[in-house]
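What follows is a group of structures, each given as structure tokens.
Here chain A shows up in two complexes: once beside chain B, once beside chain C.
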Partner chain A sequence: MANVNLKQVVKSFGETKVIHGIDLDIKSGEFVVFVGPSGCGKSTLLRMIAGLETTTSGDIMIGTDRVNELPPRSRDIAMVFQDYALYPHKSVFENMAFGLRLRKTPDAEIKKRVGDAAAILQIEHLLERKPRQLSGGQRQRVAMGRAIVRDPKAFLFDEPLSNLDAQLRNEMRTEIKKLHARLGKTIIYVTHDQVEAMTLADRIAVLSAGHVMQYASPDEIYNRPAAKFVAGFTGSPSMNFAAATVSADGASVVVAGATVALGYARKSAAGREVTFGVRPEDIDVGGDIPARVVVIEPLGAETLVTLAIGSQNPVEMITRVDADTKLASGDQIKVSINSAKTHLFDLKTELAVTQ
Partner chain B sequence: MNLAEMKTKSMVMLAGLIVVVNGFFPAVWIFFTSLKTESELLQFPITYIPRDPTLVNYYQAFTEKPLHLFILNSVIVAGASTIITVFVAALAAYALTRLKMPKRNLLMSLLLAVSMFPLISLIVPLFQVMREIGLLNNYLSLILPYTVLSLPVCTLVMASFFQDISPDLEAAAMVDGCTRVQALFKIVMPLAAPGVFTAAILAFVNAWDEFLLALTFLSRESMRTLSVGITLYQGEFAFPWPLISAALIVAIVPVCILIAIFQERVVGGLTAGGVKG
Partner chain C sequence: MKPSKDLSERALGWLLLAPVGILLALIVIYPVGQLIYSSFFTIRLTEPWLGTPFVGLENYAKAWEDERFWGALQNTILYIAITVPGSLAVGLGLAMLANLPFKRKWPVRLALLLPWALPLVFAGLIFRWFFDFKLGFVNDFITRFGFDPVPWLTNPTMAKIAICITIIWKSSSFMALVLLAGLQSIPKSLYEAAEVDGASKWVQFKEITLPMLVPAIFVALIFRTITAIQTFDIPYAMTGGGPGDSTETLAMYIHKNTLDFLDFGYGSALATIMFVVSIVATSGYLRYTQRSAGRD
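Entry: the complex of A and B
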């Protein structure tokens, strides 16, 4: 078990810089998720930690050692790949035993460790099979088994669930969380699925174009996003944005002609144009802001309602309401916005305005 | 099945038949000849199936010339050059497919170009070199050039097989504890077995068949390889067909057996499939 530290890590492929000086400290035993849109550099960063990509500059520390120059085999990490990367010509047992055999572990010890891992993952009955005789979910378990038998300092996961169907994905997500609780090992997990990130992580690093936009707990990321990008990336449906003007005292904004109070005053933005943000669940039916119902999308437990909010140039925003709220498209209603849960973002930098 | 489909099918069958007959007829004819006596061979009308099959030609083939030495020499030369070729070609193919390499495509085309060099243009300079370094009548004088000549094609064959193997498999192996070379030999090569065997067969048959260099560089009779040795049976005036046929069959059989064994592995490797984990 070990902490992982990245200091000013940079990666360039030829002329193209894809990782722009990332600093991250990952505590021993922590579950950290790298999340971000496709192509933002999550896999590259993970593979640099694994030693599968060279590091152009900066330091990668595992435990107290700087590992930049070490090959993957000497870093004592295990990795689970998106397409599982099970050795097709080896049985499940041999897939899991491979790393131990390379380390000249005695046979009895190998048997015991593979057996234990198989028991944890409930794949004992599959040990004699070849990978091609397994279902996707079973392959996933074997790939995790291969990682845990080695008892490494840290686990790296690269989108391990993206090839599974929705139900299996939820199942395996729970499984991974249980595994982390049980083993207490450092895990670095890459995904582009914000739900996976929110449910699994102790801390989330939101990446965009090779930069860390925010590195914080899921709660912090969701409730206090540091940038418009982070706010837009989390939650489903994601945060509503609208152009707004901050009042002279910084305590409220005007959005499409309607005045919305802020949770606390933003003196630094007083009188300026900003981007206003509010999550769907923080818009409630009933209040004093005029709105027209545009689209209604029932989801069963709740209903998504697209509203045109405001009196002049109304802006479209999505809200969630109870399934039994009676609304029809075209209805003119009044809504309120939870001031404590309002967000402002600078127009130019797109960073959160917090003062 | 409708008429058009039947037509296509019979055409395909016919084409296949032509290829098979064309390929096998000479071999079968040689085999039958090897079982005939000289007098039966000269009879008219000709007999197709030997009327009175005999193994005497085989006995003579081994007693008149040191055929067993020719076989041994061929096995040593072809075997050694095949092993070296496969080993070096595997490393080269791996480098070409996996490592970041500037001008990779240019290198590949150069390989192809080199493999098309006519042998005859190399023979004089090679002879000079072999004489200078004292390798004439040494197995190495054939093993080295055969290896070099087979390398380009074998490299390209293996490269095309390596290309289909997911790089994540090697990444997994390296994280598991392999060096890059170990990952190549423990994971990539077994998965590319059909390609490796194809390359091995190519290299082996090339070396087994080669005549010009063998004739020039190994001139001592006890060092002759099969392809050259077989020509030694013809006398100045006589051409002992049955005897030469018997020697030819002896030369063909090991290659057939080898290919039959490898074929099994090649097909087995192909059907094992499911490289995508």
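Entry: the complex of A and C
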């Protein structure tokens, strides 16, 4: 078990820079998720930690060792691939034992370790089978088993659940979380799915175009997004945005003709145009802001309602309401916005305005 | 209604199969049937007064006692035994070379395709010049290092070596093409997983590349073996079967009997023997692949 540190890590393919000087510290035993849209560099960064991609500049430290020049096999890491990368001609047992055999582990020890890992993952009955005789979920378990038996310093997961159907993905997500609790190992996990990131991570690194936009706990990411990109990437449905003007004292904003009080004053933005943001659950039915119901989408447990909010040039925003709230499209209603949960973003830098 | 529908579907099936069936009958079944039929007769165009009497297995009995036939068969088997594994090894090497991440892939592919695209007789003639005692490139090369020139095409043993080298050069590119297709179907992530697992390049080759290449190797071996059984053009162009008949193959001897000696009955019997050898050799491969497919 070890911490992983990235210092000013850069990756270029020829002239094209894809990772722009990233600094991250990952504590020993921590579960860190790299999340971002496709092409943001998250998988490249993970593969650089694994040693499957070279590092153009900067330092990658695993434990106390700088591993930039080490091949993957010398970094003492294990990796779970998106397509599982199981050896098709080897049995499940041999797939899991391969890394141990290469490290000249005695047979008895191999048997014990594979047996233990198989027990944890409930795949003991599959050990003699070939990968193609397994379902997607079982293959996923074998791929994780192959990582576990090695007892490495850190586990790297590259979008491990994206080939599974929705239900299985939820199940395996829980399994992975349990596994982390049980093994207490450092895990670096890449996904484009913000739900996976939010549910699994101790800390999330949100990446965009080769930059870390924010590196913080899920709670921090969700409730105090450092940038408009982070705010828009997390939550489902994502945060509502609208153009707004901050009042002269910085304590409120005007959105589509309606005045919304802020949780605290942003003096630095007083009188300026900004982007206003509020999450769907922070808009409540009842209040003094006029709104018209545009679309109603019942989800069973709750209902998503698209509203046109404001008196002049109304802006569309989505809110969540209880399933038993009686609304019909076209209804004219009044809503309120939870001041404490309002966000402002600079128009140019798109960073959060916090002062 | 249902039975008639089944019937019409079945009829449609036969109808759709018919063109292939007719084609096969015309270009395979009829000629092979005619060949086997002819092998039971004496058909000697040089002695038309004999007529074409039925002689039963006499032509086969003649082959049994024909030393030149056994010599040709022995040479053919030797060429198979050396050039099939030889071109597999060279072809695998070339395929792995071509599979490296080159910036420009087309020059490599072209280099790979060229020997394959070259007509066999051309290859034979080119290498005949290469191995020429006085003017050849090979002797020029080895004499520069102080060795004596080698009578490549006039010494029976050296001639066989020269022919095998030429066949391997010519047929390796086909092997390489088949194996390259196999190599490219192996997912890259398997190598990455093995890399992380701790496998060296050699272990990756042994534990991933080779086992995953087995189906492609079998396909390549079947095709190569069939063409090796029929070896004709290259020895024909290089040595014409000589010195004496020391490098003659079965196909060359059949050609000689039918087209030079105009003995169609005996030639047909020899060709039938070659046909049986081909069937036996390939069915062996096919049985093995079917068994391993069933085991999987």
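Definition applied: the second predicted complex is superposed on the first by the 355 of 355 C-alpha atoms of A that agree within 3 Å, B and C clash if a C-alpha of one lies under 4 Å from a C-alpha of the other, contacts with A are read in each partner's own complex, and residues count from 1 in each chain.
Here is the rule we use: contacts are C-beta pairs under 8 Å (C-beta built on N, C-alpha and C of every residue); 3 or more make two chains touch, one makes a residue touch a chain.
Note that the coordinates shown come from a computational prediction; the quantities given were computed from them, not determined experimentally.
**Q** Using the superposition on chain A, tell me whether chain B and chain C clash or fit.
**A** After superposition on chain A, chain B vs chain C: clash.
**Q** Identify the partner contact of A:R113: answer first if only chain B is touched, second if only chain C is, both if each is, neither if none is.
**A** Neither: A:R113 stays clear of chain B and chain C.
**Q** Given the touch rule stated above, what does A:A78 touch, chain B (first), chain C (second), both, or neither?
**A** Both: A:A78 reaches chain B and chain C.
**Q** Quick one: classify A:P131 as touching chain B (first), chain C (second), both or neither.
**A** A:P131: touches chain B, not chain C.
**Q** Have a look at where A:R139 lands relative to chain B and chain C in the superposition and call it first, second, both or neither.
**A** first
**Q** Just to be sure I read the superposition right, which of the two partners does A:K153 touch: chain B = first, chain C = second, or both, or neither?
**A** Neither: A:K153 stays clear of chain B and chain C.
**Q** Could you give the residue numbers on chain A that contact chain B in one complex and chain C in the other?
**A** 50-52, 71-73, 77-79, 81-83, 85-89, 98-99, 102-103, 130, 132, 146, 150
**Q** Going by the contact rule set out above, which residues of chain A touch chain B in the complex?
**A** Within the complex, chain A contacts chain B at residues 47, 50-52, 71-73, 77-79, 81-89, 98-99, 102-103, 130-132, 139, 146, 150.
**Q** Contact residues on chain A for chain C in the complex?
**A** It is residues 50-52, 71-73, 77-79, 81-83, 85-89, 98-99, 102-103, 130, 132, 146, 150 of chain A that touch chain C.
**Q** Flag every residue of chain C that touches chain A in the complex, lowest number first.
**A** Touching chain A: residues 187, 189-190, 192-200, 203, 207-208, 211-212, 296 of chain C.
**Q** Across the complex, what residues on chain B touch chain A?
**A** Those residues of chain B that touch chain A are 166, 168-169, 171-179, 182, 187, 190-191, 272-277.
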